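Order as written gives the chain letters A, B, C and D; numbering starts at 1 within each chain.
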Amino acid sequence: MRRAFLLVLLALPLLTGLAAAAPPDRQLVEDLVAANRILAMEGVLDGYGHVSVRHDQDPSRYLMSRYIAPALVTAADIVEYDLDSNALEPKGAPSYTERFIHGEIYKMRADVKAIVHNHSPALIPFGISGVPLRPVFHMSAFIGQGVPVFEIRESGGMTDMLVRSAPLGQALARTLGNHPAALMRGHGAVVVGPTLPLAVGRSVYLETNARLQAQAAALGSSLTFLDAEEVRKVEARQDYKRAWELWKRKAMTK
Amino acid sequence: MRRAFLLVLLALPLLTGLAAAAPPDRQLVEDLVAANRILAMEGVLDGYGHVSVRHDQDPSRYLMSRYIAPALVTAADIVEYDLDSNALEPKGAPSYTERFIHGEIYKMRADVKAIVHNHSPALIPFGISGVPLRPVFHMSAFIGQGVPVFEIRESGGMTDMLVRSAPLGQALARTLGNHPAALMRGHGAVVVGPTLPLAVGRSVYLETNARLQAQAAALGSSLTFLDAEEVRKVEARQDYKRAWELWKRKAMTK
Amino acid sequence: MRRAFLLVLLALPLLTGLAAAAPPDRQLVEDLVAANRILAMEGVLDGYGHVSVRHDQDPSRYLMSRYIAPALVTAADIVEYDLDSNALEPKGAPSYTERFIHGEIYKMRADVKAIVHNHSPALIPFGISGVPLRPVFHMSAFIGQGVPVFEIRESGGMTDMLVRSAPLGQALARTLGNHPAALMRGHGAVVVGPTLPLAVGRSVYLETNARLQAQAAALGSSLTFLDAEEVRKVEARQDYKRAWELWKRKAMTK
Amino acid sequence: MRRAFLLVLLALPLLTGLAAAAPPDRQLVEDLVAANRILAMEGVLDGYGHVSVRHDQDPSRYLMSRYIAPALVTAADIVEYDLDSNALEPKGAPSYTERFIHGEIYKMRADVKAIVHNHSPALIPFGISGVPLRPVFHMSAFIGQGVPVFEIRESGGMTDMLVRSAPLGQALARTLGNHPAALMRGHGAVVVGPTLPLAVGRSVYLETNARLQAQAAALGSSLTFLDAEEVRKVEARQDYKRAWELWKRKAMTK
């Protein structure tokens, strides 16, 4: 029933005469559902936050759930967006207010295929202090590529903190630059990757690293972080595939 | 069976000749049960604490569970109180000792429709120190409206720490003033809102904020809290509805 | 089957001609089983530790599980001990090495009806530092009656840390004195009470208090602990009954 | 079906003319599966890490799962390795990249029968700081025998952090020396023991000790660690058997 709804949803652009992409790979949709459930299970997403993936048939589209809590997402909830973050089908489906985060980053970063926006708790203290995140262990080596902090006041002044427009999304994308993640002051983070498993794995281990770095700092000694060359070599092989298989199995069977 | 008991319970004032309110909306009672379960599930309430809602048909009444642990509350346990915190029906039902917290706040605050009293763990350290809670992220922006600390010694001297009388309830309500929450030194907190989802969401994110603020303070740098204008703008839109739907589904199906 | 075994177990002293107590109240045995499960569920006991209750028919006897992990205890595992901590029935049942903790405290403290020995994690840091536990909130007011630290080196020299003899049990009982609990340096704690729910509730809230006191200390401000008179008044009413009912229901149905 | 596969797997060396060990004890294989599940359940292993046991019929062989997440391991996934960490059967089964940790330690330490490699979170801060682990309570007394830190840069220069060769495995084994465990800077730890329950118990209580030692240090007072003689006496009796029985029951029935 839900699958049928999804097929209809994805077929509608054709029927209505829009220039539509071919339907996305079914496996990609399944992985996007799994990514939502995994991030909820691992405590990276609570009732809020969202995860998207670039359409595999059309790089000018992306897929993301309609406006519901990530733990509840099914394939029938996945909506197709253009890069201006308009819901193509179903038109008028209730959308996440901050979908511009996704569209604007996909525009600026051709290498990015998956994006997570979260309120990952251990990141909040780093986002509001001047203390930079540093890679404390190899599972979060990507932090060594730099994790800038987005201060929404610089581009938006005093706001309600949400990235609720294309210009705010562009400002966030500029702060992100070529980095794998950016903290959002008083809000959370955005994490990107060339695959869903990488964006999800980075989200999990960014949270872990923040917790462990805070604990290490409290020990009051000088710390040895990963060296830039270690970071480069770890990242050349990191795919989080073994964890992804475990997470997916656990998230989809509970 | 339990529903039948509830109907009888709510009908009894009529039969016994008291001026009784119309029965409350069934959805409101369901939401009150859900609020109890959610707050237990999220670790805000343990075996103790309570949550109430103002009667939707009569603002001089409120609804709250009889004396049991919040995780165990069902619709059949809901009792109707007047604002002096007398159990109207069933008369003599065992009541929470501290029900005066609820009645006295409803008297002073016409805008308040829901109240949570808890022993939320991360709040205890803030309640016994001079360190004020400050909003570290947008989900708990309401903290920027001020969270005073109630010192029961000022009005009650050396007590057994419980708000077990109307005068103590009034003293707490005065400390609360127009704020969304107040800490209770060595005890817990009271959290209020214009709806059950707001009182529940504030309770959850007050606990989260306390934990994250303590972590941020330990990083030893100067911190950027939400600005007053950011607080105003976030609060103008905040309803915690997406989280409420998720919490309710999880709490009522486990 | 297990109940039958228990009855036989308790009847055996009669058959073999020993002066035996009447069988304990069945409810007491059920509560002792529940206490084991609750303390495991709440993270106070892990694979180790034990809980006992004084025999309701004979104050010179106590009941405790044979040598197994608390989470696995059933009524059939309950053994009757004399105050020298000899297993009366079944003779030679494998016993906890540290059963002398229980027997020696029951000898010295007629008011004590239930005893918990645990490795409660948050207590370890307090046991090895000079920082005294203080009551941070009313649920753990009993801490205001004093929680001394037992240094086994003072009576036993360099040992394997276990209270594996009557003299070591007596030394611990002397350190405990009239207090509701004592920490054991590098080991854990012993907690006593006039009922099982009180010994269990104190065990749970001792752990909670230790965690919260450490967090409060880290905030770096001066702290307001419960006053001695507040402690007296809280303790006059505290029975942990509402929590006990919840814990018991949860522990026995999962 | 899986058991049949295992029997075939273990019989294959005979059929193909290799000098093969007799099949391992079935109980040993069951315990190895349990060890994987236990360490995942207790949060010592996440999607990564591995545990091995020396073959009971041939000390020049060891058993370990093929390349999957520990939580998913079954008896059918167990592979037999020689001490150069070649998979004997099935040849070419996908193996953990860091299997050299196991083979090289088994070569140097005849007393070691079981090895755990993990990313145990609370150990990371100690591995990257100069703060040595010290035994804070008797369950982790073995730490008093010394837990050195392996700095892969000293033998491998700037690497991708993995022990992916025999020489790196030998360097780690030399750092481990005669100790029960070694931290790996920015990576995790290796824990060894004369039995699976001891290697597993040490892994669990190493994590616990790290967490509690950090909390104790934060209390800011001088700390009393276990004395060398206490360590000796505790270790003479420690087998973690009661915990092992509980963990095994829980891990294999959930």
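By definition in this document, a residue touches a chain if its C-beta (ideal position, glycine included) is under 8 Å from a C-beta of that chain, and two chains touch if they have at least 3 such contacts.
Keep in mind the model is a prediction, meaning the values are calculated, not measured.
Touching chain A and chain C alike: which chains?
Under the touch definition, chain A and chain C have B, D as mutual neighbours.
Indicate whether more than half of the residue numbers at the chain A-chain D interface occur in both copies; give same if so and different if not.
Counting shared over all numbers used gives less than one half: different.
Fitting the CA atoms of chain B to chain C, what rotation angle results, rounded to the nearest 5 degrees?
90
Between chain C and chain D, tell me the centre distance in angstrom, where each centre is the average of that chain's C-alpha atoms.
Computed from C-alpha means, the inter-chain centre distance equals 34 Å.
Hey, how far is the Cα centre of chain B from the one of chain D, in Å?
Whole-Å distance between the two chain centres: 48.
Give me the residues of chain B that touch two or more other chains.
Where chain B meets two or more other chains at a single residue, that happens at 218.
Among the chains present, which pairs are found to touch?
A-B, A-D, B-C, C-D
Can you tell me which positions in chain A touch chain B when the two form their complex?
46-48, 67-69, 71-72, 119, 121-122, 124-131, 151, 153, 158-162, 185-188, 214, 217-218
What part of chain B is in contact with chain A in the complex they form?
Answer in residue numbers: 135-139, 141, 208, 211-212, 215-216, 218-227, 229-230, 233-234, 236-237, 240, 242-247, 249-250.
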